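Each chain gets a letter, A, B, C, D, E and F, in the order it is written, and its residues are counted from 1.
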Amino acid sequence: MPVNSADTAWMLISTAMVLLMTPALAFFYGGLVRRKNFLSTIMMSFACLGLIGVLWVVYGYTLAFGKDIGGVIGGFNFFGLINVGQTPSAVYAPTVPHMLFMAYQGMFAIITVALITGAVVERIKFSALMLFSVLWFTLVYTPVAHWVWGAGGWLAKLGALDFAGGTVVHIAAGVSALSLALLLGPRRSFLQKDSMEPGNIPMVALGAGILWFGWFGFNGGSALSSGGLASNAFVATQISAASAALTWMIISWIYRRPSLLGVVTGAVAGLVAITPAAGYIQPIMAIPIGIGVSLLCYFMMILRPKTGIDESLDVWAVHGMGGTWGAIATGLFCSVAVNPAGKNGLFYGNPIQLVWQLVGIATVWVFAFGMTWLIGKFVDKVIGLRVSPEEESVGLDISQHGERAYGGQLR
Amino acid sequence: MKKIEAIIREEKLDHVKRSLEDLGYFGMTITEVSGRGKQKGIALKWGGKENRVDFLPKLKVEVVVMDDDLPPALNAIIKSARTGEIGDGKIFVTSIEDAIRIRTGDNGNSAV
Amino acid sequence: MPVNSADTAWMLISTAMVLLMTPALAFFYGGLVRRKNFLSTIMMSFACLGLIGVLWVVYGYTLAFGKDIGGVIGGFNFFGLINVGQTPSAVYAPTVPHMLFMAYQGMFAIITVALITGAVVERIKFSALMLFSVLWFTLVYTPVAHWVWGAGGWLAKLGALDFAGGTVVHIAAGVSALSLALLLGPRRSFLQKDSMEPGNIPMVALGAGILWFGWFGFNGGSALSSGGLASNAFVATQISAASAALTWMIISWIYRRPSLLGVVTGAVAGLVAITPAAGYIQPIMAIPIGIGVSLLCYFMMILRPKTGIDESLDVWAVHGMGGTWGAIATGLFCSVAVNPAGKNGLFYGNPIQLVWQLVGIATVWVFAFGMTWLIGKFVDKVIGLRVSPEEESVGLDISQHGERAYGGQLR
Amino acid sequence: MPVNSADTAWMLISTAMVLLMTPALAFFYGGLVRRKNFLSTIMMSFACLGLIGVLWVVYGYTLAFGKDIGGVIGGFNFFGLINVGQTPSAVYAPTVPHMLFMAYQGMFAIITVALITGAVVERIKFSALMLFSVLWFTLVYTPVAHWVWGAGGWLAKLGALDFAGGTVVHIAAGVSALSLALLLGPRRSFLQKDSMEPGNIPMVALGAGILWFGWFGFNGGSALSSGGLASNAFVATQISAASAALTWMIISWIYRRPSLLGVVTGAVAGLVAITPAAGYIQPIMAIPIGIGVSLLCYFMMILRPKTGIDESLDVWAVHGMGGTWGAIATGLFCSVAVNPAGKNGLFYGNPIQLVWQLVGIATVWVFAFGMTWLIGKFVDKVIGLRVSPEEESVGLDISQHGERAYGGQLR
Amino acid sequence: MKKIEAIIREEKLDHVKRSLEDLGYFGMTITEVSGRGKQKGIALKWGGKENRVDFLPKLKVEVVVMDDDLPPALNAIIKSARTGEIGDGKIFVTSIEDAIRIRTGDNGNSAV
Amino acid sequence: MKKIEAIIREEKLDHVKRSLEDLGYFGMTITEVSGRGKQKGIALKWGGKENRVDFLPKLKVEVVVMDDDLPPALNAIIKSARTGEIGDGKIFVTSIEDAIRIRTGDNGNSAV
């Protein structure tokens, strides 16, 4: 098919918007840590922009979207972008240049790896994080992306729906975050119950605001075209984010005070939950999805520290659990009236869809948790995962990067 | 009256605060400072050679107490701020000639 | 009509850009207050994203754009987004999905309510603000939007032009800000002439920069299609913003020093003034419009504190007066050569258009001022508008939200 | 030709994205200076938004893109935007409204002037900078833009390729920065070897993140249409930025520590280098281009201070040298298979193209350096370039703008 | 010489500054601090129960004066910083042994 | 023991630090402050009339030394912080009654 320039216009900007989400995430995470780790936390996301950005074009795209090998992984036909040209691919996004589809998918790979870093801030060795990222990207992200989105991927064939990355991005990142955090152990200050309040809440809000904006490209762009479906995904995204933000605000009001952190965390949770569903459901159904995700994630976030697990920025509670709820909700609310390429869900008379969703969820939970554990163990053996206690107490900005956020030598 | 100036680790503020409260000392003033001690900061290896990062962020806790309260207050701070590792900080004690509560204009011990 | 995917691409991104304006406004306002109220000011805008975001899809859209009832309000035919699907509406934006038009309009509703908050920062009770917002949105925003933009709205039928919200958004918000500020009374520090310099000017500039970007979606998107008209509105927006920024810089230079605050305030004023006119005038006419608005608003901002009115962040001076000037300028410079769906203005031989503009302006001034006063009085009776003096002196971040901007417990 | 609404949609958003780059640059630069000059550095870019924004529509566009006069400059046929309407121009961007093309080009003019300010921060008089900017814009930017991009411009006719501004924007700005910095002399603190660490690295990262996003509009939009070519430029941009960011991180790791400043500087260098090449090369070739630029610029940045030249924020090292490398690389890697409107380069059997590239580079180096020197000398004579030593030590925020970044009276 | 250390409300800086100026005391050093007094900060009701917010932002104003100037300077500060409500702050007075002007190297009273 | 409180220009920190190091004084605490001296800040001309910018950013360097070390330490600071222009700063010296190292609990001279 020839390139459709309207679809391409929307995919161009969507791709740029998803790129912007990684710096936004850097600030969202960066504001949540203590000042002495502000730069190092930002750095974790920015390093992914470089590292995963390069790996994706070299071999990531072909592993995820290359010619299917047994439903499990892609072949090497797109290695180094061979055969990825200005004309559309035969199988993916038939109206936009193949290379643009490739770049769009690359932005997802980058942010997925960056998401995990929220679990390990304030104590991981930067070199270990880089090695981990390469391995995780190669051994977890590319196969999972292939299973769900690759032509011939086994989960796709099974019928599990994931519009924009509820399983591939959010569950995979959230569960891996949990696994890696368990391996790494809690921060010393977490153990000693030192005060660890967020260092810069305005930056968290800034990051959240830009994430919200970028997510329209993330979900709306996953229609891979401009028009009704993109609009449907876009509107559902907006409604879920608003509903979840409002819900979280109310819950936090009941238990404590209506906090800005609550509103922005709620918004992000709402965005996560709608991700797998956005292009398959009626937009108004995003209200129950958004309310549900805030209820679920709020209590997960309250619960988590009580278990003694220092999954520091709650990637698991928000992305892992939020993505899980979203994938389930997709199986409840999806409807072919919205998207003929989709399926009907439980509430539209097709209960089996929920089963496929659960299979998809379970697969990614198990695979991501296990593989992350193995990769983490390996990295720990080879170069060690954690910084020294002294480096941790000084902060990673200085100890890992030799920099300070403000004014150089002083704080 | 004495002024206790304790330079402590940032993370220890909560502990110090609570241990002082337990003894009934509520008043205090906190300043964000940067400091280094005899060890010249912290040594980190970069690019093959050792580099020193001096000036680590600390908090300065100032507590003014009556003369008799000095030993218990000092003890409370020392205990709650200690980790046993380098960088735990220092305490300096000075003499205060007068203290005044602005709201009432009271001065002397009653103002502390 | 079928969906046009190019128009849809532009409306998708425009909608996202207008969404981004509310976080941008949060930072623009947040940087202007004292640090102890930084989060609470940001929160006011973020809360609108959740609150108004939900109300809009539930009943706001149908009140504003539902089937006309007597020219005054919309019916309930779009309640809960029934009949708002992926195909275009019969009457609005005939080439883009109806639900996208709905979402686009929703972003305007959100930011309009957020704009008002600039008047009440540093002293309003958060619960009162939330209640006020619900009532104001319902009783002021939706009817005014219906009058001006709804099919069958009486101001639209009369012939008053408002391309992108000069009256609906800026005059309504600016005048309501004044009304509410009068009711609420000045901040204690304002009365005591304490120093109240802006807490974080870089964040004001950041907000302004993003607002400028988003405004292209606000005005350019109001063409509801991609092409010549959108470009006209876009270019006029750019020229007005630049002219007003430059003018304000020069005025502030004459009286004091060329200040960054001056440049960014000027830019925002220029963006406000061009809003009603952008799609009806020759872009080059944005130069006089931009120069005029900075002259007007600068002196209004100097004047305002002398009256003893603490309309804290000058929403009235910039949005109220700037929007008024813009609506008048529309009546002067509009031309059917630019937009056949528009009118000719005074300078194009049609003086009556100026009258319609003045009727529109006067209507919104009176209605918004009066209704806001009533709503404010009501809220004050029911739950009280102001925080206690102690809470005000501690700052709203702690007293209303239990949070601090930086580092948790310390400042 | 009629307006193509898909191409227009992409150009609308691209124009907005390039506008956003100037505030982004303000923060990128602002974070690099000491706190007492934070606002003044931001102001330098924001003032360009107003000043150059107005001059461009009044006479800049016509000088650059008006009817050619001897290959050297444009005529006055577009003065004050006469003849610049909603229909496409006959010669430029044949599928988008002429006024949109005009606005798009205007955003380039604004940021080019803003780029230069990095060389003179912390010591230039604001009035001198404004006068310099008017003259430089008029006497350097508009002719160079005409030579390279104007219909009939002599460098274009010669065959020098510059897709999105490697010579016009980056070499011109970088070389002028060097020239002006030499004229202005080093900062007093530079001479006294005072510590001058960046005041706010997170803001540098924020600026870089937004610049990366905006650059997709800068390079992708330079296709002046949506489709394969825009996608090619977009993807090449992404790959170059990622490759250069990764490379710089590794180099900085080898010599010191992997620093966030290094990653973001690398990303910007990668974006600079790909600018002239993006629409002429295979995207995968952006890997060597990105690696090359980081190697080159890193050592230039190490070298520069040793020469005693205080070209403060390394505009020359990054934009001047990066743009030069990019223009050379274009001559190496360009291929008509990618863009039929382009040329083949050295590696595709056409060595002469490299000569044309070198002619373009040399021309702009000599012209920009010399003219900047003359303009700088003139401004120095008329009103003096530098602030007084006392003003420099107090900082420009207070001395030039009467403002402070945080909290008014206090730091 | 005496050093006056006044912990005041942020909003009162201008008033304090002006009242000291009126008496001819121009030199002063300001630090941003956080503090709490005997009241243990401020009580706010959240979620049914009372919460205490301790550590409110304050400014520390340090003024070094000659011995004779102490009473008027103290008076000026007290008057201009007072609102009569809780949180007005405290003043501590210490003795300074020497003062040196770096520019000239002068020391003693002439340096203040 | 004596406490040296030097209010210096921000840019001079490195110089001061190094000159103290050379004499073997490593311990110090730095605070960001704002200050003004006798000159009432700095005069700038705006809109025809003169305006004064008071409160310029400075750094406060606190060094506690044993009594004998006071003169050399003061000298080192004065030399390294001086530019000879207005705004070079001030040094105040106070007496410290006791110093304690939190890590070990040691007090007195050995703790400095």
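Heads up, the rule we're going with is that a residue touches a chain if its C-beta (ideal position, glycine included) is under 8 Å from a C-beta of that chain, and two chains touch if they have at least 3 such contacts.
The structure displayed is predicted, hence computed values, not measured ones.
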How many hops, at fewest, get you from chain A to chain D via touching chains? 1
Rounded to a multiple of 5, how large is the rotation, in degrees, that superposes the C-alpha trace of chain E on chain F? 120
Chain copies touching (chain B, chain E) - same or different residues, decided at half shared: different
Provide the C-alpha centroid distance between chain D and chain E, rounded to the nearest whole angstrom. 49
Determine the centre-to-centre distance between chain B and chain F, using the mean Cα coordinates as centres, and give it in whole Å. 19
Using the average of all C-alpha atoms in each chain as its centre, how far is it in Å between chain C and chain D? 33
Check each residue of chain A and list the ones that touch at least two other chains. 4-6, 9-10, 13, 17, 34-35, 195-196, 206, 256-257, 402, 409-410
Give the residues of chain F that touch two or more other chains, as numbers and ranges in rising order. 13-14, 30-32, 34, 46, 54-55, 85-87, 94-95
Provide the residue numbers of chain D that touch chain F in the complex, in ascending order. 34-36, 189, 192-196, 389-391, 393-395, 398-399, 402, 409-411
Chain E to chain B touching residues, read off their complex: 2, 6-8, 31-40, 54-55, 58, 60, 74, 77-78, 81-95
Under the stated contact criterion, what part of chain B meets chain A in this complex? 9-15, 32, 34, 42, 44, 46, 51, 53-57, 85-87
Provide the residue numbers of chain B that touch chain E in the complex, in ascending order. 1, 3, 17, 21, 26-32, 64, 94-103, 105, 111
Okay, in this complex, where on chain D does chain C touch? 3-6, 8-10, 12-13, 15-17, 19-20, 22-24, 26-27, 30, 38-40, 42-43, 46-47, 49-51, 53-54, 57-58, 80-81, 86-87, 96-97, 99-100, 102-103, 106, 126, 203, 206, 400-409
